[in-house]
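A, B, C and D label the chains in the order they appear, each numbered from 1.
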Amino acid sequence: MCRWNAYFGQPLAIEELLFKTKHSLIDQSLHSTRGVETTNGDGFGIGWYPADGGAPRRYRSLNPMWSDQNLQDLAAEIRSPLFLAHIRATTGTPVQQVNSHPFKHGKWLFVHNGVITDFHTTRRELLLAVDPTLFEGIHGSTDSETLFYLALTFGLETDPLGAVERAVGFVEQVGHAHGIEHPIQMTLGISDGERLYAIRYSSLGQSRTLYVSCDAAAVRALYPDNARFQHLTDEDRIVVSEPLNEDLPGVWQEVPEATALIIQPGADEQVPFSPVAASLAHAGPSH
Amino acid sequence: MCRWNAYFGQPLAIEELLFKTKHSLIDQSLHSTRGVETTNGDGFGIGWYPADGGAPRRYRSLNPMWSDQNLQDLAAEIRSPLFLAHIRATTGTPVQQVNSHPFKHGKWLFVHNGVITDFHTTRRELLLAVDPTLFEGIHGSTDSETLFYLALTFGLETDPLGAVERAVGFVEQVGHAHGIEHPIQMTLGISDGERLYAIRYSSLGQSRTLYVSCDAAAVRALYPDNARFQHLTDEDRIVVSEPLNEDLPGVWQEVPEATALIIQPGADEQVPFSPVAASLAHAGPSH
Amino acid sequence: MCRWNAYFGQPLAIEELLFKTKHSLIDQSLHSTRGVETTNGDGFGIGWYPADGGAPRRYRSLNPMWSDQNLQDLAAEIRSPLFLAHIRATTGTPVQQVNSHPFKHGKWLFVHNGVITDFHTTRRELLLAVDPTLFEGIHGSTDSETLFYLALTFGLETDPLGAVERAVGFVEQVGHAHGIEHPIQMTLGISDGERLYAIRYSSLGQSRTLYVSCDAAAVRALYPDNARFQHLTDEDRIVVSEPLNEDLPGVWQEVPEATALIIQPGADEQVPFSPVAASLAHAGPSH
Amino acid sequence: MCRWNAYFGQPLAIEELLFKTKHSLIDQSLHSTRGVETTNGDGFGIGWYPADGGAPRRYRSLNPMWSDQNLQDLAAEIRSPLFLAHIRATTGTPVQQVNSHPFKHGKWLFVHNGVITDFHTTRRELLLAVDPTLFEGIHGSTDSETLFYLALTFGLETDPLGAVERAVGFVEQVGHAHGIEHPIQMTLGISDGERLYAIRYSSLGQSRTLYVSCDAAAVRALYPDNARFQHLTDEDRIVVSEPLNEDLPGVWQEVPEATALIIQPGADEQVPFSPVAASLAHAGPSH
C-alpha cells in the first residue's frame, strides 16, 4: 500500500534518487520487496521545495511511475534541497490525480504509506472533525488526505509532532468507538520546507518499514571508493520505505516502531511517537 | 457548464443519438450554441439501463467526447430503452472520472447542467446534511454530486420530485444564509429506470435551456418523408440541453421555467417545480 | 510481456472470463505466475464480435486492467460469442491506446504475447514490406501491430495459417540477415469472427505458455458438482496464456510448441506451425 | 489545427508566457481567434533548453492545456532561455503523447501548425524517404513528425533552412504526383538551442498566421509605464501564432508569407523561404 522516499540536503536533481539508484522508487513500483503489495502502480506524485524558496510544487500522475513519459525529463530538470516522492497502491479509492500524494497545504507537504482501517465506516465522522476553514482544501477521497487535514486541524502548522499525535489519537478513538481493533497503520513524511518529519507508527505495533540513511561521514568511511557517496555532506539525509540498495551494509538504518525523526539543519532528533486522545472541541460543528 | 441528453423509449443503440444527429452531443462538446461555454471538453459520461433489466451501467471518461477512441464502438454496442449522456465543462473542480456525470446510486442515475453558486463556501454545510448512511457513496468533489446526495437524503427514492424540491430548497436556504443571492442554476435529468424526470429551474428565474421532443405522431405527420422519424413510437422521448437539429420546426419544444417533466409509460406529465424549505432534521449531526 | 485470453462458443458476458474466475486476466495483470514479467500494467484491450453479427468492436485503455473504472460495467454489458482480451507489459514502445491489442482490420482481430527481437533494428525493413494499400491502417509503433500487417500482406484474409507462416518466416529471414539469432517469440490469437486461431511458436523453440480448455463433456464429467461447468457446451472453448484456475486438473491442456489450433464450429483442428521463407514479391508494387 | 509560441532571450519562467499574458496559449486552447479551429484541446507540449545547457527537455500531455493539473507548478519551476509551447487540434491522428509537439531529435526541437494535405495517401512514401538511420526515432503517426524527420533527412543539422526548403519541396513534389493541388500548409518553430527558426509558408500562398514581438527598445519606448516591458532586453523575442494581447499596437509584427526568421544572438535575420525540388538520393542508402 504505497512506498515513498524523501530527501533533505544540498540541492539535488530528483533523478538522482528516482533513476540513478539500484532499487529506486521506479523499481519498487514494479517490484516492492518489503511492502504489503508488490505492485505500486496506481499513480504517483512528487512534491518539492524550489531551490530559490517559496511554496512547494508538485507533479502528480495517474500513470504507474514506470511508464510515465514525462518523468525522466522533469526529474532531470528539477533540483531541490527537499523533496518527497510517493508511489500509490490504492486500498480502494479511485486512481486519480487528486488522490495522489503528496498532499499540499500552504508550505506543507504530506505523504502516507498505510491505511486508516475500515475508512468507509469512519470517513464522515473524521471529515466532520476537520476545521471548517480548512475543509475547502480537500479535493480527493482518500484516508491519507483526511489524516493530513486532521493533522492541520490539530495544529500541524504550530506544533507538528504534537498535532500528528493528536490526529492519530483521534483516529484511534473514533476507530475504537466503531469497534475497529487496530484503526491505523502508517509511515508519514511531512515537511514545511525547513524540516522533514518522518514518523513510523501503527495501532498494531507492527508498522510498515521505514529507513533513514546513516551519517554521511560514516557512509563515506565505509565506502571510500564510491564516488557518489563522497559527495554526501553531513546534512544530507534520505528517508525511504525500502532501502535503495540492499548490498551496502551500514548505509541504511531502520526507524524504530512508534518513533518520529526530525531531520533539520544541525543535529537531527529522534523522539518517541505516542498518539494522545484529542478533544473533539478542536473541530466539529461549533466552527 | 455542461450539456446533456436523455432518451426514453424503445431500445435504441446509443450511437443513434450521439453520432447520427446533426448537432449531436459530440458536436456540442466542441461548439455548444446555447450554453454558457462553447467548449464542453472536461470529460463526459453515459449511463444506461440494460435492455434486459437490472442496475444501470456507466461509461465515464476524462477525455473530451470528441476525441474518445472507444466511444464509437461502445455507442454502437449498447442498446438501451433509457439512457443519459453528459458532457462536462468544469466550473472549477478537477477533471476526473469520479466528477463525470451521471452519478449513480442503486437504480438511480443523475445528471446536472448548471452550478451551485459559490459552492466552496457552502460545500461543507451541504455535505454535512447528507444522510450519514449515504455519505460513503460520495467519491468526487462536485456541486452536482452533492446535490444528488441531498436529493437522496430528502427522499428521492420514494418521492422523487418532492425530494428534489426539498433538496433545492435546502441549497437555497443555505446559500441565502451565506449571502448568496442566486444559489442554484440547473437543469436535471434523473431516472430510476422506469421514469425519466427532467427539471428546469434556477434561483434567478433564467435557467439553462432544456428541450423535449414532441409527440411522435405529430413529428411523423410533419415529416412524412423522414425515415428515421417514421420509426418513432408514441412512447419515445428525447430530452436535450440543445436541439439535435435546428432546421426542423415543430420537433423540439422548450421546457418552461421552473417545470418538471415526468416521462413514463403512458401519458407524460408536466408539473410546476417549486423548491420548499426543508428542515435540517432530515440530516446532519444527529445521525 | 503480455497475457491474453480468448473465448469461442455460446454468447457469454465478458465478465464471466474477466471477473468471475480465480486467476483471471485482472489477477494476472498484477500477479502473472507464468509470464516473463509478473506485472502487466501497461494498458489493455478487449475485442469482440457482436452477438448480432457485423464488424468486431474494441475497448482499449491506457490504464492497468486492475484499476480501470469502466471495465466492470462494460464487461457485464457486452455478450459475445467470440472475444479476445489482452493485457500489456511493454517491451519499450509507449503506453498508449493505439499500442493496445487487439489490432483490427476489417473483420479481423489480432493479439500477440511475445516479441520481435531487436525490433528497433528491423522495424523499417518490416514496415516497408507491408502492402502499401494496407499501410495507412498502422497507427501505433509496436512489433505486434507490424506482425499483424505483415500477416495481412502475406494473405491472412484468404489463407490465415499460411499467411502467418509466411509472415513469421519473413520476420525470421530479416532478423537473421541482421544477425539476430532468435528473431521471434510469440503466442497469437487471431479471428475473423468465424474461427479462432491460436498459435504458439518461437525461433528458440521455447515459447510463451498457451493453454486451451478441454472438451466440455470431459470437464463436466470431471466436475459434476460445478454449476458453471454444467453450462458448457461442446462448442465452448477458452484459450489462455495462463490457466484461469490452477486447482482443477483436467480442465486445461497445454498447446504444444510450434502448433496452431483452429477452433471452429464442429471439430477443432490442431496442426503443426512451420514458418516458411517468403518472397518480398508479396509486399506490394514498389519493391 | 494547432497554435504555438516560442521564446528566445534571457532565462524566463515558462509561466510568464503561458499564464501571465492576456490571450495566452491556455486561453487560445479554448478560444483561438485566428486559427482554423476555435478549440485546440487535443493535447499539448512544451519543450525547453535547460538554463545550464544540455539537451532539450519536454513535458507533453494528453489533456487539454486548460485543464492540466500539473502545468501551473511546472511552468513556475522551469526557467529557460529558449522554449516552445504547442497546443494541438488534431486533423485526424489520435490524441496521444507521442503525437504531441514538440518533436525532439538530439538537440533539436520542432513544432508545426498546419497540415500535410491528404497525408493518408502520401504517408508511406514520405516515411520511406526518411533516412533509415533516423527511422527508429519516429514514435507517432502525425504528418508533423514525418515532416520533421524529412527535414532531418535533408540536412537540418548542418543547413537548417536549406533542409526545410528541400523537405517541403519534397512534400510538394510527392503531393503533386498524387494530384494534391496544395500539398502543405505550415508555420514551423525549430531550434537547436542556439537559434530559433520561425517559418511561414503554404503551397496555397495563404498561410496560418504568425507574429513576432518587435524590437524591445521600440516596445519600451511605446509603453514606458508597462513594468513587464521594461525588463525586456534587445535580445528577447517571442514568436506566436496569435498575439498574446490585441490591445497594444506596435508590439507584434506579422511574419510575411513565404518567409523565415532567424532569431539569434546579435542581429536577427529575415529571409525568403522557397521550397526546392529535392532528389530522393538524399534519403538513405537503400533508395
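We adopt the following convention: contacts are C-beta pairs under 8 Å (C-beta built on N, C-alpha and C of every residue); 3 or more make two chains touch, one makes a residue touch a chain.
Here the structure is a predicted model, which is why all the values come from computation and not from measurement.
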Set of chains adjacent to chain C and to chain D: A, B
Residue-number overlap at the chain B/chain C interface, same or different (half cut): same
Rounded Å distance, chain B centre to chain D centre (Cα mean): 42
Contacts with two or more other chains, residues of chain D listed in rising order: 69, 94, 97-98
Of all residues in chain A, those that touch chain C in their complex: 30-31, 38-39, 41-42, 62-64, 66-67, 69, 90, 94-95
Residue ranges of chain D in contact with chain C within the complex: 93-94, 96-98, 120-121, 123-124, 127-128, 132, 135-136, 138-141
Touching residues on chain D, where the partner in the complex is chain A: 50, 57-61, 69-70, 73-74, 76-78, 97-98
